[in-house]
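Notes follow the structure.
Note that the chains are named A, B, C and D in the order they appear, and that numbering of residues resets to 1 at the start of each chain.
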Amino acid sequence: MPKSTELTADRVAAAYDALMSLDRDRALEYWTEDVRFQMPGNHHQAGWHEGLDAYLASTAKLIEACGGVMKSETLDVLVDAGKGITLDVYRISGKRGHAPEGVSSPYDFLAIEGAHLLRWRDGRVYEGRGGLFGDGATRANLWWSPVGDDGRRTGI
Amino acid sequence: MPKSTELTADRVAAAYDALMSLDRDRALEYWTEDVRFQMPGNHHQAGWHEGLDAYLASTAKLIEACGGVMKSETLDVLVDAGKGITLDVYRISGKRGHAPEGVSSPYDFLAIEGAHLLRWRDGRVYEGRGGLFGDGATRANLWWSPVGDDGRRTGI
Amino acid sequence: MPKSTELTADRVAAAYDALMSLDRDRALEYWTEDVRFQMPGNHHQAGWHEGLDAYLASTAKLIEACGGVMKSETLDVLVDAGKGITLDVYRISGKRGHAPEGVSSPYDFLAIEGAHLLRWRDGRVYEGRGGLFGDGATRANLWWSPVGDDGRRTGI
Amino acid sequence: MPKSTELTADRVAAAYDALMSLDRDRALEYWTEDVRFQMPGNHHQAGWHEGLDAYLASTAKLIEACGGVMKSETLDVLVDAGKGITLDVYRISGKRGHAPEGVSSPYDFLAIEGAHLLRWRDGRVYEGRGGLFGDGATRANLWWSPVGDDGRRTGI
């Protein structure tokens, strides 16, 4: 019988679920307390978030910026259990909470795909990095920016 | 004898001096209470700042981000008093407060030139826009970003 | 009677008209042969174009990229004849030639405003710089990029 | 005995070696003739390169832009042979050919890390996407831009 912390695609999915729940105790089953995670781009949530609390706060900010609604999918997960490394392909979409349904401007609507690299120890992630395909980094910068398509400043 | 509010190059310079002093009463001699000013780029200080208080807060943030030291020069001022418009060429330089002297990375050192368009009424600015020459907008985005040259998150 | 090369708002407008005509001889009435002009941003037409031929080639590229149609307006012109400096506020709009009418994505539709600084000698421009208001520099970068909103590579 | 086209980390490394050799016949052992590969960012080499010839041309351009010298490392390779998917973590560094040794400006020196997603069929890649960690996309945009740190236009 496998240990419950065996490194599998399911465990990767469970780790993201725990993170997105914003439940610190649940997250601690999959992420170490001093995990560092690098968000790509140069917007105000970009860079290395040091510690689970900082990473949870940034995740909460993302959900908040989407008006509480956000779609996150894990498309493929590759595991090297021996090295303690996983790489997963993800897709995130969401519109800024203040924007109307169906908006397509990259200042208001985020649609990005990329790959996460996670490093695991004893069943928990201690380091992660998010990468972006295509022009996702510029799109993330515009989406996170305080300016809308018309140049007005918006919340968050 | 000219009215004290005559629109001249000197009055433009005095308006910026009053703004940089962060003294609200002094600023109100040159900027209306509901002035709107657009900062270029997509960083966290970009977009239309609505009202003198918002604009003063953003100016204070810039000075703070420079560790309290910032160099701002007005190079040329052109005035159309009849239309109530001025355009001035400016140069700003400053390093992030946490960065060492002599740093050259655009993530830490800002060196930009551009033109401001100001619209005046009764001796005071009611609308302004900042434009940037060269790759100044990307430089401003990097400088204002929370990531340093090494990807670590920094203050402000 | 004023010399025909007197520095006025009309002369600035005439200089841009001559440039946009792509007629080298006409352009030479207003721009020196070794004029240098800096296009803002970091896209493939950005930076200092050295010499009238390089500047005309870049202007031709802009018109071509718009499918031969492009809207350019001069909104305000301020002149300091003594110093030989003009500053004009401009607005450019255009869609990429391959894009459908009414497209709004910044990868396909350009809508920017900014200020040009021109330095004149004997009735001709010997140096110019284009500045951009708002998030115009990022918009120009996206518009000039070879990727469309869907990531496909496009011409020019 | 494994088929020579078995999907392994070694085969991934061999595929990149063949590509970087710019030898079309060698490359065809690992990449299909109609392979499509997406370069991240919005610079002039960004977007989907359709077909091996386009991808080889872009790779040649990268090597040329580095003055013929470029450092490319594969750090980790994860394989899902059943799904025909590989993900590899890469690091690329190089300076623009015209720039001096030791240059650190992101306009002249490229230092990026990211992940490639490759999709394989019968031992050959038919689709690939490059992702970038950190602020790599902006760095790639600056590096590929025709403007140097001083705003001058450079070759390529």
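What we mean here is this: a residue touches a chain if its C-beta (ideal position, glycine included) is under 8 Å from a C-beta of that chain, and two chains touch if they have at least 3 such contacts.
Each chain and its UniProt protein: A, B, C, D = SnoaL-like domain-containing protein.
Note that the structure is predicted; figures quoted are calculated from it, not measured.
Contact tally for B-D versus A-B: the pair with more C-beta pairs in contact is A-B. Matched by residue number, over half of the contacts between the chains of B-C recur in the interface of A-D, chosen from A-D, A-C or C-D.
Measuring from the averaged C-alpha position of chain A to that of chain D gives a distance of 25 Å.
Centre-to-centre separation between chain A and chain B, using Cα means, comes to 34 Å.
Taking the mean of the C-alpha atoms as each chain's centre, chain B and chain D sit 40 Å apart. Shown for chain D are the residues that touch two or more other chains, namely 38, 42, 46-47, 134-135, 138, 141-142, 145, 147, 151.
If you check the complex, the residues on chain C that touch chain A are 104-106, 134-135, 138, 142, 145, 147, 151.
Of all residues in chain D, those touching chain C in their complex are 38, 42-50, 141-142, 145-148, 151-153. Here chain B touches chain C in the complex through residues 38, 40-42, 46-47, 76, 78-80, 83, 85-87, 89, 113-115, 117, 129-138, 141, going by the rule given at the top.
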